[in-house]
Structures are given as structure tokens and as C-alpha cells.
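See structure below.
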Amino acid sequence: MSYNVPAELRYSKSDEWVRVEGDELVIGITDFAQDQLGDIVYIELPKVGALITPGESFGVIESVKASSDLYAPVGGEVVAVNGDLEASQEPINRDPYGEGWLIRVRPSGAEEELLDAAAYTAFCEERGH
Amino acid sequence: MNTYEPHIYELSTPGKHGASLPMLDVPESTLPADLLRQDGLADFPELTEPEVVRHYTRISQRNYSVDTGYYPLGSCTMKWNPKLNEEAARMAGFAAAHPLQDAADAQGALQLIYELQEYLGEIAGFPAVSLQPAAGAHGEFAGILVFRAYHLDRGDHDRVEVLVPTSAHGTNPATAAMTGLKVVEVKGDARGNVDLDDLRAKVSPRTAGMMLTNPNTLGLFDEQIVEICEIVHSVGGLMYGDGANFNAILGIAKPGELGFDFMHYNLHKTFSTPHGGGGPGSGAVGCSAALAPFLPGPVVVKNADGSYALANPEKAIGRMKAFHGNFGMLVRAWTYIRTLGAAGLREVSEMAVLNANYVRVKLKDVYPQAIDRICMHESVLKGQIAGAPKDVRTLDIAKRLIDYGFHPPTIYFPLIVSEALMIEPTETESKQTLDVFIDTMLQIAREAVETPELLHAAPTTAPVRRVDEVRAARQPILRYDREAIARVRSE
Amino acid sequence: MLQAVGVADTADLFVDVPAAKRFPTLNLPAPLSEPELVRELLALSGQNANAHSHTIFLGAGAYNHFVPAAVDQILRRGEFYTAYTPYQPEISQGTLQSIFEYQSLITSLTGMEIANASHYDGATALAEAAIMALNVVRGRRKIVVARNVNPQYRAVLRTYLQALDVTITGDETPGTGVAEALAQVDDQTALVILQSPDFMGQIHDLRGVAEQVQAQGALLCLHFDPIALGLFQTPGQVGADIATAEGQPLGIGLNFGGPYLGIFTTKQKHVHKIAGRIVGITKDVDGQLAYVLTLRAREQDIRRERATSNICTNQALMALASTVYMSLMGKQGMRRVAELCYHRAHYAAAEIAKLPGYRVITPGTFFKEFAVALPRPAAEINAALRSQGIIGGYDLASDEPQLGNAMLLAVTEMTSKADIDRLVGVLGGM
């Protein structure tokens, strides 16, 4: 099975994506991640104003059969949160790079080691898919 | 009998009640008006005794149980629950005794606890036992707290890691987390044992101990158990035995002699106390002399004059729950051990292991065995049937078994085996039952190839069919709510 | 079967066990037949005084309440007591529906928004409340617990939290209570634990307390007596964030201390932080209403080392007992049991207070249990009562020595006026 890995994004090894929008970064989980989890039933996101640290947990995401921490691919201050997801998590499964975005961050400059689309695709395949 | 039974609230009629209570025989005292509840229990149902009994009898019939059928449920040990045990636990001197009454007034109960401590210690090879914990996971929690207390008592402050095999029950890593310790995973080897090289690489002066189930969650006895214990002990770590699978080795091996320092016993598995639809369990714990002072209390001791008393171990980690453990479960376990004696207990394990191997050899050509070895009380097979479509999953096989009148085996555990199908027959099932089960499994394998739609649709004969778990979790309805339930119905 | 497996003897199945350790001797008593064992069990059971053979005034966390006959009839149904955990919803609708009804009845009784499927007992439910609060109120590491919370519960709380970097305070000084605990609440406090009726039997007016605690950013956990809620203020009414209880009074026998029932309730918004099982409603593929274990991703088997609790069982059968009990009692019965407890306890207290040398020392309003100052040590008084077939009260000497000679006496709907008069008669003769 092949997954949608948009070329213009960068990716963490914990399956989050990062998109540059002006001075800010938008963060979500990848198509691979949503497929592995299955139907998402719950998500816990930070509040606006919270500081996130690369490599550390900034939230929790749950499906019926799995629970996973969300790890910050970059550091910075949370400037917006996708509040719609509290009531309905379905967009994360349906449109992980669009409507299913999680948080918007004003970056501090600190970053995890991020992969480009080709490297991330290879990383997904390595894990048996 | 499989028809829907309304919620108890929907059966209520104003003015009814189902219990007979005494008349007030003393003068009424003033009630403090400002402290009273305001709603008069408005939501509470009102039913007569026959209505209540019929309701719960009806819903009971929507359950599968050991009394109605066979459970090949790996890891869970759904053996027969002898009926004598139920009578025993209901004797007035046990069922109506108050936990705080004077020891002189509770000698029979205390003697039973003392004797069960002794029996369990003897069976597993430990000099000290506490019956405080209320379940296996509760025993694990006690055990890791004991490890921590033992190390700290020796001034050893840096032991912050617990080694756990990748195949472990979820309670093991969760227990370590509850005690503030870090989980370090240890890999398995090709024979399903602990990988000794990986273990050697991961033990260190930071190791508080290792949690190990043996026989392990693959149903295999780790042949290197003595070396494993030696490696962990060599760095000053302690060995925790998860007794979930102890039913395989009664009279076969004593964990205390193999090198374990501490172990919990699941009385609701090995010692036949009923599962009760999810509890109560009982998680007695046993340990070495070195750890005995740290056991949770109270335990029962025998005085010089032959009387029994409650006492706290000298450096006890504290009490795990109120009072003295799940005493009613202790009565049942005591009764079980006294019914069987030493030879009977060994026979329990021999028959459990023989039954498991019989099922294994009859099925493994069709359902591949995860690791092809003689198993203990259970075997781990895979729901990967040659020639079946890819979308036939282990879940489908499990659900199809329901249509044939069996409870499914444990599936997708241990996590290290893909499409795992874990089968534990127990010693209390006859060859006839096992043969019917084996034939059914082989029939389902044929269906998987020829008529896979039957597996996808299963179950069709149970009280309900496959349920929408995503819906339940996304819009949780966790109590009676007429409107919300109506919405679910109308969707 | 041996032939099919390919071994000559069952002993050959155990070659993986190190030979030197294989087949140890078990030194156990010889097996007994059922009639022989019944005789032994009756002999052991017969040595224990109990609530059937004696009049009992002992409580302190375990109470002799009425258990209707129908409760045990239902518990004895093999379909319930020999069933496994309801992980296969298609064939576990009985257990699942009973737990859902339990959750419904408990929320109705308490006025709280949600209840889980139960914990081991009241003490462990309270300890789990503390762990949950530490996870809800992140970054705060202080738990305040009032002195008049049952001492065994406070001990269990300390056992549970001993390995975590948490301070438990508020209960150090004998004779203190709710007010002194509330004075300890500060900006480091995650949870305040109060009990009402408290260990000494007093019912507290807790209106406004939750707001006061919440204003400091902490949560309030209220430990209650489910029988008292037939009459008195509910935890939901006073705005508690968490409410826990020992469910034993709801149709579960004394059982020498267990199995009992840990009731755990909280607000809907914390549902993803609670430990233990919970049952919800959904539909099956045919559109039929069905019950199912839900929000499972909180649990240890999924979350493993990220779980906040390792709890794996619940007290399902005990929850069923309480469900059948509450259904039989219904609206009227729950209130009537509470009234009988209250009026009989007050009659007993009033009669004892008339005796020279005796004084009721529970301050304010009590429900079914009260503390009495005694003219002689409780042990002596209990010995005298025992000789008259009465199991006396709980000796407070070790928990609250500052009270001098004192005991707790519990009176329930099972204690008749004649029982009370007999107690008063013996006390008066001391």
C-alpha cells in the first residue's frame, strides 16, 4: 500500500509533518500515521500560548485500539489549535494534511532531525508497508 | 432468549419496590433540612422483586460463561470453577465476619489465611506470602514497590530501570510506570526465549529488576531461566515472576527454586476462583526471605500458643487495600488446594499442558505455530491460513467460532506475533470437547478459503453482531440517557 | 493423546524445565473429598463470630447492611460469575449491560456525571483518584487529605503514591478535620480529599467547599457512604470533581474484608483520564443497540508504560451485586434504609448519652456511626459486650489516642431497637 507523502512538507520519524506558512509552521500527522492508528476517536492538543519542545510530547491521539503521544517536530509557541477536532476527529483520517491539521506554531528555531518526502517514504516502507 | 432486554430504567413503574424492610421501631429524630439531597432520587428505578430477578436473569442469558461452554482463552485460564468453592465462601463464619472483629473472634478465618499463605509458599517455593493484593496487577504493583523499598533500604538509590520482555502483558510496563521506574524492553530470541545477549547488554547498576512471565506469553517455558536469573542477580537486580501462567508448573517447578525473588499468583486463574465477568480477582504475592520484611501487610502469623494474629511485616511497603485482601477468593483457593493435594495439583498442570499440546499438534499444520516447540498450558498459533484471501483476519476466525458455540481464543496477543491466536484449553476440558473444538477450527479454515464471507459476517447467532466501537468511543454514552439512546437507534 | 503429541509420558512434556529443578516435592495436606472438606470448612467457619450469629455494632469502613435474597440468587447464576471479562461484546451483553446499568445507577445516586466499572475497593478507588488528579492538574505535586478520612484509606493512598514525587499532607494533627485540611490548600495542590460522613461519622455541609478548592486550581475528591445518599446531599450537588466510595454497603456481605466494591465517579470532561473499564452504547452491524467496553485506549494493555494505572480487572460481580441491590431497593427503599440507619443511630446515641460516664463525641450531625467517650477502655467494654453475644464498637485508642477511652458504634437498618436496648443495658452495667 502506498501513502500520500506531499513533496513540499518535511517529516519527523515519529510521523508528524511540518508545513511552512509565512513565519509560522503548521503541524499534523501523516497519512501513514492515520492509517496505522485507524479511526481516530480522541485527540488532546495543547492550549494556544503553550511552548513545545522538539522531541517531546505535545498531545495524545487515540483510536479504538491504539494510543500514541504526539511528538513536537519543532520547538516554538503554539499560536493556533485546530479546535474543530475536539468534536469530530474524522478529518484527521480523511484529510490529514488539510482539514486534519493539528497546531500552528511560531518557531523558536529548534528542530528535530526532519526528513524530506523521499526519505520519509523510504522510512515508511522500511517499517514493512 | 437472545432478544433485546430494555435498560432497568425503562422497566420502572412509579410506586413499586422490590425489597422488604423493617418498620421504624424508634422515635424519629429531626433531619437536618439543609443537608438533605434535593431530588428525592428522582431517576431511580422502581420495580418489584420478580421484575428485577427476571430482568437480570434475562440479561445473564446474553452472556457466554464457563458454566455454559468452552473457553480456549489463552492467558486467561478459564478452567472449571468448582461449586464447592461457592458454598465454602458463603458459610456464615466467612461471609458475615467483620474484618475488624477481635482476632479471638476470627480464629477460623485467620487460620485459613495462614494456611493459604503456607500452601502458596510451598507450591511456589517462597518462604513468605502476603494475600493483601486484590488482583494480579495489584500484586505486580506490590512487587515493584517491594523491589524499590528493598534497594532503598540498602542505600541503593540509582536503580531506576525495570527490564520487561517485548512479549509481556501490558500490566508489566504499566506497573513500572506507576512506580516511577523506566521500562527497558528486552528482546526475544528465535526459540521464543529471552535473548540472553540483549539481556546482558541491558542489565546495569541501574537495574531494579526484571519482570518475567515463565511459561512466557508464547506459552513456552524459557529453558534459560536459571541463567536469566543469574544475569539479573549479577548486577544486583531482582527477578519478578508474573504468575499469570503458574497453572502450567504446579508441582513441575518452583519459581523460588528457579531464581525468582518475588511472584504474584492469580488465584482467579490457577486456583480456580471464578472470573466474575472481570473480577473480583485475587493477587497473592510470595517472596524470598530477603524481601519478606517489605511485603504489604497485614499478614497472618501463628503465635507460640497456636493462635493466629494479624501482623505487619517489619518494613512493609504499606497496605494495598483496606482490610485483608479479597478474603472470599482466598476461601475458594484454599478449598481448591485442599481438594487436590500435591498429586492433584501436579496432575492439573500435566493435563493442562497435555491438552494444550494436543490442540497444538492437531491445528499447527493449518494454523502455523508462532514458534514450533512443545508448549506449556497454551500455544500461540497464527490466523494465517494457506489459500485464504488476505482480508481474512484472525479476528474473523475468532468471531466465526462464536457461531459454532465457542468463546474465541485470545487474539492479537502477544504483540510480537502477527495475527496471534492464543489457545489455552485448561485441564478441565475433556478430549471430546477438544476434538469438537479442533474439528471446528479446521472447518473454519476450510470456510476461510471456500466461503470467506461467512467469516466476515460472523457472528450471526450471538445476541448481537459485530459492534461499532468507533461510534461508542467518538460519542460516548456512559449512563442511561433516553434522548442519546434514541438518537443511536434512529441513526 | 500422548501418542498424538508424540511423547511417551506426560513427564516428557516438561523437558524444558531444568532437570535439577524439575518435579519438586510439594508438602501439602492430603486431598479431601467434598463431604470431608465441607466438615473442615464448617469447623473453620464456625470459629468466627459473625453478623448472623451475633449482634454487631462494628463498622469503621465495613457495615452490616441488609442484603436481599435475590442479590445472591443473581450472583450465583453461572452466566455471570463464571464469565470472562467482556472483551467479546457479541457474547458478553449480559455483563456489559449490568455494568452500564451500574454506571447509570451510580451516577443517579451520586449526582455525578460519569462512573467507571469499579475498582478493588473504596480505598483503592480513592488512591486512583489521587493519581488521576496528578494527571489532570499537571505540574502540581501536593495532595491534601483530611485527618477524618478513614485511616486505612489514608494508608493505601500513601502506599500507592510512595514511589512518585508527591507530598501528602493535611492529616498530621490528631483531632483536626475539614477546616484544617482546607487551610493547607495552595497553588501546588492538585487534589483535596474529604470524607462525609467522615471516619467519626460526622456529615459535613460541603456547600461552597468545591468552589473554594477549585478557585485555587485544585480538584476536590469527596469520599461518601452510598447508603447516606438515600437522604443526604450528593457529591454532585456540592460540585465535587471526583467522588469515590466503598460500595460494600450496597448489597455486599462483610466477607471478612473483601471482595468489596470501589466506586469511582467524576465529571465527563475527565473521562479520558480515568483508570479502569467503562461501558458505552453503540450499534451492531444490523443497527441493533449494543453495549461495549469503550475508551479502551486509556488502559494498560494498549497504553503499556504510558498508562497511569495498571488496573486490569474490575469488581464486575460486586458491581452486579450493587446493581441488583439498588434495583430492588429503588427510590423508596434507598431512602427508607437511610432513614432507618439515621433514626436508629440517633436513638442509640441518645440512650447511650443518658448513661453516666458516656458521651457522644462526634461533633455536629452524624448518619449511622458515631464516636462515644467511655468510662473504661474500649477493650474492656467490648469484652463485656462479647460475653452477651454482642460484637462491640471500633476501639479508637490506636488511631485517635487523644480521645482517651473511646469507640465508634455503627447502627444500621439491621440493628433493631431491641438490639440497641440490649447494648445500652450492658454499657449501663459497666
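Annotations
All chains are identified by letter, namely A, B and C, in their written order; residue positions are counted from 1 within each chain.
We take it that a residue touches a chain if its C-beta (ideal position, glycine included) is under 8 Å from a C-beta of that chain, and two chains touch if they have at least 3 such contacts.
Keep in mind the model is a prediction, meaning the values are calculated, not measured.
In the absence of chain C, chains linked through touching still make up one piece. Ranked by number of C-beta pairs in contact, the top chain pair is B-C.
Farthest chain from chain B (centres taken as the mean of C-alpha atoms): A. Centrality by C-alpha centroid: the chain sitting nearest the overall protein C-alpha mean is B. In this assembly, the C-alpha centroid of chain A lies 37 Å from the C-alpha centroid of chain B. The geometric centre of chain B is 21 Å away from that of chain C, both derived from CA atoms. Averaging C-alpha coordinates per chain places the centre of chain A 43 Å away from that of chain C. The set of chain B residues that touch two or more partner chains comprises 469, 473.
Counting partner chains per residue, chain C shows two or more touched chains at residues 295-297, 302-303, 306.
Along chain A, residues 41-42, 62, 64 each make contact with two or more other chains.
Chain A contributes residues 39, 41-42, 62, 64, 88-89 to its touches with chain B in the complex.
By the touch criterion stated above, chain C contacts chain A in their complex at residues 272, 295-298, 302-303, 306.
Of all residues in chain A, those touching chain C in their complex are 41-42, 44, 60, 62-67, 69. Contact residues of chain B toward chain A in the complex are 469-470, 473-474.
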